[in-house]
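Below is the structure I would like to discuss, written out as structure tokens.
As written, the chain order gives the labels A, B, C and D, with residue 1 at the start of each chain.
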Amino acid sequence: MKSIELLGKGEEMHGRAYIKLSADEIEESIKKLKENGFNHFVMLSCVDWLDKGKFELVYHMWNYEEKEHAMLSVDIDRNNAVMKSMSHLFPQIETYEREIHEMYGIKFEGNNRLTPFLLENWPHDPPMRKDFDSKKFVKQMYESIPFIEGDENEGI
Amino acid sequence: MDMIGIAIKITILAAYAIIGTCTGLLFMGVGRKIVARVHNRVGPPFYQNFIDVAKLLSKKTNISHGWIFDLALLFSISGILLTLLFLPIGGVQLLSMDGDAFLVLYLLAIPSLGFALGAGASGNPNAGVGVMRALVMMLSYELPFVITLIALMIYYDTTSLATIVRMQSINGIKSWAITMPPFMIAAFAADMALQGMLMEQPFDIPVAPHEIASGPMVEFGGKYLGSLMLYKAIALVAETTLFVDLFLGGGVVAHGNFAFIINFIVWLALIFLLFVLSILIAASFPRFRIEQAFGFYWKYEAIIAAISLIWVYIMVIK
Amino acid sequence: MLDIIFAELVVAAIITFFVREKLAAIIAFFISLLPLLALLDWASNYGFNLINLGIENHMKIYLAGVTLHLAITPLSWFFALMILPLFPVIMLYSYSFFKENDGFFALMLLSLLATFGILLSRDMLSLFLFWEMMSWSSFLLVYRSKDKNAIMSYLIFSVFAAFAILFGIIILWHENSSLLLSDILNISGKLGFVAIASIITGFAVKAVIMPLHAWAPFVYSKCDEPFVAFLSGGLSKLGYYGIFLFLFSLKGVDILQNYMTNVSWNYLLAVFGALSAFFATLIAILQDDLRKLLAYSSIGQLGYIAIGFGIGTPLAITGALFQAFNHAFFKAVLFLAAGIVAYRTGKWKISELGGLAYKMPFTFMATLFAIFALAAIPITSGFASKWLLYEAAIQQKYVFIAPIMLIAGVGAFLYSFRILYGVFLGENRHDSVEEAPKSMIAALFILVLPLIIFVVFPGYMLDLMKPALEAAGIESIAHTKFAIETSLAKYNSIAVLITLMVAMIPALVIYKARKHRVTSFEDNYLAGEPYELHKPAMHAANNYYKPLKKVLLPYLEPGATYYFEKIYNGIKCVSNAVRRIYTGYVQDYAIYVVLFLLFVMGWLIWI
Amino acid sequence: MGLHNGDKMMRYEEWSKLARKASKRSLWMVHFCTGCGAIEMPPVMTSRYDMERFGIASMATPRQADVLLITGYLTVKTLRRVIQVYEQMQSPKYVIAFGSCTINGGMYWDSYNTIKHLEKYIPVDLYIAGCMPRPEGIINAFLELMKLIDEGKARGWERYQKYYDKYKENQRRVFNFEVKEEKEEKEQKREKNEEH
């Protein structure tokens, strides 16, 4: 796998290169891959390992010539989740970072558009985290809103 | 100023106004049926537009944006009724002895200016852009139409529609303007201009529902939209009658005691034919962009109209 | 009595220099009523005896051995009726327009004196004298705008006009050794042609006909509004007064015609008028600055008068005079309204204005009516004048001019709606604006009055014109009080108005049948987006006719100013070459003198 | 945006029989396509099912329309826009809700930001069951709506005016994601039985 040779580490998983990196190595490895062939930044995903107490950020990149998918994975601590922003490498990373910030609460330094994105005026803590109980929230919020009863001959 | 004479005249005018509105609404319903058949579907009943107008005028809440917005409603219906009454319909000169083709041309502008004011007053950006397109469209289709109009006037040496109709109906169909070659070209150019005037499909750029949310009519609802539909119906009849008066002898084929009814039927048939032609063009063309429409009218149509004008000028000079 | 009026005008002009602006305005207002009084008094000998103060209608001024003959004629009476009412209205308007009095009223009174003098002068010397007084008093008013382009262009074009007229007058004076206007008839041949042609071009500059219009957009858009209202409403009519005087009253047309028979000269005037109407309208559509737009629209509408004079038939001339009358009033209303908008918001660009209709309802109504008159909608007298011009063009079978005139008419709709939508309708971005002061509103509605009177009775206007036309040997066309009859068709304005009222009934029934609720501006359809969330920009007036501009600009680019730039560059390089001679060293000058002497000696020896 | 502040209440009875007949045969729907049901509309409009034969046409703006189609799940953010469109429509107006997502949240029953029961926020005249109903279902729904209008049962617009503040309260709570804890309910219950 070309990306593994380039970065010197990582192993092949289901036909994709899975490379484990630390937080400070991530920037120049993305730059390196970007220079030789991996010019398509697919997406930035985040996995919440509640029991291990960490978030796993995965930067997916794609190489059109080699037809190879490289996954650069970084682990960051779950409690004060802070990560450097990579939006200066690929502009679209800014949007992924906004969504992950809203859904997981990871703070990205250098990205100055961490404003509410999908959930307008959402006061609670980020909903995608494993410790957020969506069923209980739905019961408390949506069920608690009463139906509007009127006298019967008012149509349905 | 005998009162009876005036009273009769007013009743005739009122009768023709009502006939114009009903035929207009009927034609729109039949037009939707034809378009449906072209799309190979059943289509609404022919009286659908009567129901639509009744529903619109019976809406409970009518939202307006101030007194300038209401001007649209007042100017639209009164302006287009005025235009209809200044046209010779089926050989009957309603008021067309008192005005001429230029007056009708400028009377057609009153309703569109009224709409422009109403749309502007609503403050919606879609309305502003829609009115801009409507005015650019007016500027573009007016050039060929005006050139053909002048060709006719120079040939018949009059600007009054009543005299044009009379001179074209001396010996029935043979004396129609469209039978003469230069006027055939002029009729083609004028018919394309008619397509723009009626705002039918290829040229319904100002009221495009997808791009600018139906343009000037964005904030029109209830009785305002009802008045707009009435305006469109009467405008349909007025503009096609103008074309029939200019090129097809105003539908006057018979003279004599029952001539009135025959002429009326011929007039009705002619404007229906014209409307069907424009509906078929509408059903088979996608919408133009505004620059394309402007270029189409000022380049190609204007050249065609100019050819007919020069040809008529040479004929008249000789 | 007449000399007393002239004396009072001069005295008032001097007084208003030193008085505070409010008092100056009042003095100016009452003094400018005097010529109007004289006008109404003289109306008695033209079939309208209203008041008779016994002001005699002719006067002689003896000036350094030369007598200036001043007398009223039917033609100048009609033109005075069109121009002089503007002055008191402008004084009324500027009562609250100016903050401090820096000579505006004095200069306006001087230009009133000059206008009165031009209209009354019966001999060429007084005509030229008052024309010069008019030029420099209006130049000083233009100078107040402190804009280089406006000042330079106005100066150059007025000087060119003055020289052209002076050149013509000198030839005429030399030919038949008499300055009286009535003696011009017995001149013909090459000299006559040159004289009349130069005088007509001189007047055409002030009448803003296309190739000579380059000064108008700068001056109209930079000077202060009340003056521009007079400039475009009144002064341009003086240009047409001169053209009518020399072309038709003094049979200038025959002099031009029998010199060069193959070219029909007044058709040339009509072609220039048509071009100016067509191109000025298209340029006006694309403007963003309100005053520039009004300037080009004014050039366009004045083009119609040139077309009328160009066609030359009685029908065309009646139409042209009617159009001149309408233009004087509706253009003055539009410029004064632009002044009110600037007075209140301080902005000119249409894209920055918007939504003033609800804050300034009266100004909006006056502008709306003036716009209807400009766009020749049949409910205003604007239509009658344009209708006469169209009839004349068709009667003469002018195949090139008629379509251009009609298209320019339709083009007028575009920029007139631009003014209405851009400035008055749409989103209101000026909350602190309130209605204009009373005096300005009064001024607007006084000017709108004649447009209403002459839509109901177009016949009256033709009666007013009849003495002027007969004096020039043109028979007036058939008309009753309400309708105008021509050989081609009939226009019955009262039928149109009554039918409009009757046709309004169904509209009112529908309007009154259901109650309606007025919502605020925020409750607009923005594809569901609530307005409060982002407060998006809602005014679509910026770069309004973008598609039209994309199509038209390549054709309109090389305008008249393009040619004037070429002339300007030519003069510049010539003057550069000449400049090099003056090197500043005395020796060079000594050499020049020696060379010149050698040249002279050689010349003498050689003969 | 105070839609109905101080408005005289539009009574259903004031509506004449003829007007009701006319509005039944000429239903104009506003083209607001939320969720996955919008793709069912083109076959309804085009030649196979052709809704225009019943006088139904699609209009560009809410001002011109009578029927609002909610074609699928609604997130809280979209509900805010739907309510803005609903309030801009001119009464008498009707709402037809497509699919199970509007009835009880459908497959997003446990999602934190989709609306579960639409009639808590805007009055719904007609539900169409199905996880996106087929065009026949939609045409049948329109005919059903016509029957309801005839019998005078489709009075959603009147309910919205009558319980306007209740609807607004629900909408405010859902827009701010207000959560009612059980303990507050327990405290309220405790206070109630203390009073007794």
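Everything that follows uses one rule, which is that contacts are C-beta pairs under 8 Å (C-beta built on N, C-alpha and C of every residue); 3 or more make two chains touch, one makes a residue touch a chain.
Being a predicted model, the structure only gives us computed values, none of them experimental.
A summary of chain positions shows that the Cα centroid lying nearest the centre of all protein Cα atoms is that of chain B.
Sorting all chain pairs by how many C-beta pairs they have in contact places B-C at the top.
Our note on geometry: chain B versus chain D, Cα centroid distance of 40 Å, whole angstroms.
In terms of their C-alpha centroids, the spacing between chain A and chain B amounts to 60 Å. Our note on geometry: chain A versus chain D, Cα centroid distance of 35 Å, whole angstroms. Across the assembly, chain C contributes residues 517, 523, 525, 527 that each touch 2 or more other chains.
Touching two or more other chains at once is no residue of chain A.
Along chain B, residues 58-63, 213, 218-219, 222 each make contact with two or more other chains.
Inter-chain contacts, as defined above, occur between A-D, B-C, B-D, C-D. Of all residues in chain B, only 32, 36, 39-45, 48, 51-52, 54-55, 58-63, 209-210, 213-214, 217-222, 225 touch chain D in the complex they form. Those residues of chain C that touch chain B in the complex are listed here as 355, 357-358, 364, 368, 372, 375-379, 383, 386-387, 390-391, 394, 397, 399, 402-403, 406-407, 409-411, 413-414, 417, 420-421, 424-427, 483, 488-492, 495-496, 499-500, 502-504, 506-508, 510-511, 513-519, 521, 523-527, 537-541, 544-545, 547-548, 550-551. Within the complex, the chain C residues that touch chain D are 517, 522-523, 525, 527-530, 532. Interface residues of chain D, counted against chain C in their complex, comprise 1, 7, 32, 61-63, 80-82, 84-85, 88.
Interface of chain B with chain C (complex): residues 10, 13, 17, 57-66, 68, 70, 73-79, 81-82, 85-86, 95, 97-100, 102-103, 105-107, 109-110, 113, 116-117, 120-126, 128-129, 131-133, 135-136, 138-139, 142-143, 146-147, 150, 153-154, 157-160, 163, 213, 218-219, 222-223, 226-227, 230, 289-291, 294-295, 298, 309-310, 313, 316-317.
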